[in-house]
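Labels for the chains are A, B, C and D, by order of writing; each one numbers its residues from 1.
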């Protein structure tokens, strides 16, 4: 236990000794460990701070050029402990639950290690790009009896949650069609694209989850049409502009539109058509100001950056996770199976695109 | 010339004898003959009245139960002449141009007859459900040197025309994706469905034309996914809910969403995403009034009926037709080829649905 | 009868001889005579053409420089007769009803002449700038038993009519406050300003009528605050920017905001706050298109010109007038008293501004 | 020092001894003391937590029925110290700056006490209902050389700040007219009304500040028109529905509309008309979801509660205060003079209403 739990200069915490989660004293906050302190790890650090829980330790691998970056981040967010070693977080007895915010290729092994150490787990999406690996990770959590929540944050967004509520409350009757518009303000670096697993696994996976969330059923068949507008993305073998059709088992048709480049910003809308009407959400803007001149009636752009757009959703997501972890018998709102099904849809979309034909999801399911 | 040109009680017109259209005296209004005086024929009668032209005669077949219905309609719209016989309109020397508003199965033969009589022709969509027949009709107009305009009225709608203008003016850069939402407020009678040629030929055909209009290119490949929500429509062998993907030759992806039943009314929107931004249009409402109570912030429904929604477009369309007919060398904004290409897309969508695979438009083109 | 009823080259009308309006044959259209063929007279000429009535004759004084301008306008609108002499229209037996669209200083005498000739009268606002003269004109119509409708066209606008309907249907409960925003896109020429009677009589008079229309009561007290932003308007002794407060007898507070110059166009909105909520209307736009770029989310300007903005209202107004004139016992929706009360409010606002104090409307009423 | 600084169970803070604020070590957070822990005091406690400062102590008078309520609130917000005695907060050497969130009648004396103890001060609005008392309090801060910021939180709201920015950036040219709409979702208890100082001092005071903020000048003359819709408020001698006109020295006209009861929620909008256009803001909603059925196109109500509506503004306000307190030579964005001028306008509006005449602000200024 060399690197872990160097005490902060601000807080001298007396830590209790190892115990199972069931024994978390009701009178102290749940202690969260964060593995990976990149952009999304830091977002969750802030999210936890708005819940009843506390971030107890944060991990970030050291770099030769920056050996103390875990410490720096810990200090920025007032986190009392830090380490370079993920295993210390995943196994330490003073930590109740872990957030896995490391690169995708580490997710599955870290889920397994955390499960073995009886930690409840929140893991960023996707769990892995291999269905086999995902299945193994899920099985580990089931065997260990720990909770596994997957970071499909958009389910916790006020707009999408209200759309879901409208459906659940029968405000629009039986749903027949769902449209998801999901456009990024600009493409990531080509280096990122190359290791992203492709548009469908990296970006559309959120939309696949949204489709399943709103429709409340599984997909039977997938067809994808795409192009690469950006020549660098094309050269990297990926696409940046796509429409994906999903035929659900219950007959509902869902279509997802993706673009890596919407000049006006982050565009995140859904619309559902039901027998009694429709529900749709528009983008969020930082203000409701309209300026009218002799040229146009205009307003400022929608929120541009996903962290700004979804900050409230990240907080709500973390609140849900903490609530589930502190409530006996509560089940997670987005579980391992949700992670697996969204991946299946991404893989089916990849296959559809490669073979230019509609692909049954069961074709992929059968191969595992 | 028994039935034609019974003079109205109001106007004693001295009609000139037969002459070619080129000789239409600049000092008298263009004389329009209307074949078919159903709903759409009457709409065009009103449209012509807002142009510089006049409706000279209207035709409607007599019914045993209502032998004088042509006369009734003529009087309602102040049209001086009426007849039960389409050929009288199509061939009469006092008539300069004809509007063909009869049932679809009459369109082609009436186009051919009008062409032989050297009338410029406006014909409602679709020209015919057979590509071969459409080709023959188009050829007849070409051989006769008369103009043929097809009634894709939506091109003349202020919203869609403004979207097109935004594209043409480079307000959104190079177009990469187009979305068309086209929902009817409710299904037509099943009897109509049965003779309609199916959703794609009857309803989507407008959207296929809109796609070509906005993208400005031809479609390479079509894929359609559909369902029948309404059991009566299913029983009639048709669909009522569909998404159709179009891959244009220039790479643009267009997706069209159709529903026969939107509880809130007629829903007609398009959106285009380009390299510099997007352009989108919302529905038209009869007023801009918002009522806020302790329950909701609400407004009245969008315009419900297509005639109400598109009345201004019908007038603009008719103005365009009259302008073209009275301008030496002017070419129609929507020609026979546009009618043919839209039909090709409908047939490709039918094939895609039947065979559940993407269909190249050239597959169909090749078969003629 | 020298100049009147030169027959048009198109129509050879056999006119019946003089008769009272009650004898208007149900089987021929009501014949309308228009006095004054300026901008608004021409608007009404078009409005009548969309009703069941016909414009029978239009009058416009000859100018030395343009002796045939009445004829030119008549031909433009297909009106069969024209004259330079208003009296010919006001007295001719073949004309059933008259529209008085002449300059304001002619209105009252022409109303009186038309009334003496037993014509129903539509008169543009304001009837006159003198309350005494207005009273005389109204009395003449009452004595003659003819109908007098005042051209407060905005009551017939789809937005304002819907606001009124929301109030009448109790959608917002008991009304407590009304706001009227009324801004012109730009000031008229100073020459017009000088003879306009001032902002309150020329422009706000519409808003005073709207206030009475929406509140459904009479005003007790008026207070006005104003400034002259435009130095030319200031030099002409008028104001261009004002807020006028109205305290109604029933306690409702209404505030009207006026500006002669809104760079973005014609701005016409009302809002009412009631015990159960609010109703508000936004401006009308020529399309519902939104363009989003990396600079803004924008739409085109609202309808800029009052004729464009209110064309539908003018038509609806004329339909209402024709309906009233052709319906036994029907009373006009906007009568002489409405014209008088709106004028009273304008005069009270003038007095309030001159003396910088709240003015009781009864102060002015008492002085007549 | 009996009650103050009972150490929390969580933090063992080593507090430095008394020192001037200039000596606040850059390496420790600014320590904030809060006087008054009612609703708004608690809001600011949360606001401070999102800044770099910490709440060091919170004060709330003990009640016989609830002797430990200061402690309870301190624990809720993780504040290490609490007391029942305001003076302990205002004078304690370990506290750098104070937030005065007590009832209005305590504000002035507490400002004076804090100033004597060399604390920078944030005080909720209004400073006092007596101009004389306000002047004394301001003088005390000037004499002591401490900063005094007044809690006009709306200046920090994203919408109003953007409106101000549009004006400052000359996006709408020279401002000529400003409209402020400010409606509460429902009246406070009559008991509150009675001690509130009346609508203008209690509610409109925010709008008076907004008017001065946006126009950037002082008011010359005030006229108010009002009514009491709610009979209980009338019985309490207050009004609940009002329009207040402000004529600024630079000619700008501002009109403020207030209602204590808007059934649909908290309604907070401003609009400014300038020589180049207008800027306006609409209300904030919790989501951007629209539901369309066969009855209406509707969305959820605007944010209903002022804490929800303005939470972000409160945080931004507190950030601004902390920033000013930690920046040598920085001046507060909303100072004592702003508090005084807003009060003057409220008093002028009271006088205008009482005497039903326009009131020059200098009339009131002169009387002190």
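Following the convention adopted for this analysis, contacts are C-beta pairs under 8 Å (C-beta built on N, C-alpha and C of every residue); 3 or more make two chains touch, one makes a residue touch a chain.
Per UniProt, the chains are A, B, C, D = Myo-inositol 2-dehydrogenase.
Keep in mind that this is a model prediction, so the values were computed, not measured.
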Checklist outcome for this item: Looking at Cα centroids only, farthest away from subunit C (Myo-inositol 2-dehydrogenase) lies chain A
Checklist entry - Any idea whether C-D or B-D has more C-beta pairs in contact? => result C-D
Next on the checklist: Measuring centre to centre with CA averages, how many angstrom lie between subunit A (Myo-inositol 2-dehydrogenase) and subunit D (Myo-inositol 2-dehydrogenase)?
Outcome noted: 39
Next on the checklist: What's the distance between the Cα centroids of subunit C (Myo-inositol 2-dehydrogenase) and subunit D (Myo-inositol 2-dehydrogenase), rounded to whole Å?
Outcome noted: 47
Item to check | Geometric centre distance via CA averages, subunit D (Myo-inositol 2-dehydrogenase)-subunit B (Myo-inositol 2-dehydrogenase), whole Å | outcome: 61
Checklist entry - Could you say which residues in subunit B (Myo-inositol 2-dehydrogenase) touch two or more other chains, in rising order? => result 262-264, 276-278, 292-294, 300
Next on the checklist: Help me check something: in the complex, which residues belonging to subunit C (Myo-inositol 2-dehydrogenase) touch subunit B (Myo-inositol 2-dehydrogenase)?
Outcome noted: 12, 158-159, 162-163, 166, 171-172, 276-284, 286-294, 300
Next on the checklist: Applying the document's contact rule, which stretches of subunit A (Myo-inositol 2-dehydrogenase) touch subunit C (Myo-inositol 2-dehydrogenase) when the two form their complex?
Outcome noted: 262-265, 285, 292-302
Checklist outcome for this item: Touching subunit D (Myo-inositol 2-dehydrogenase) in the complex, subunit C (Myo-inositol 2-dehydrogenase) uses residues 173, 176-177, 179, 183, 223, 225-227, 229, 241-243, 245, 247, 251-253, 255, 257, 259, 261-264, 267, 273-278, 356-358
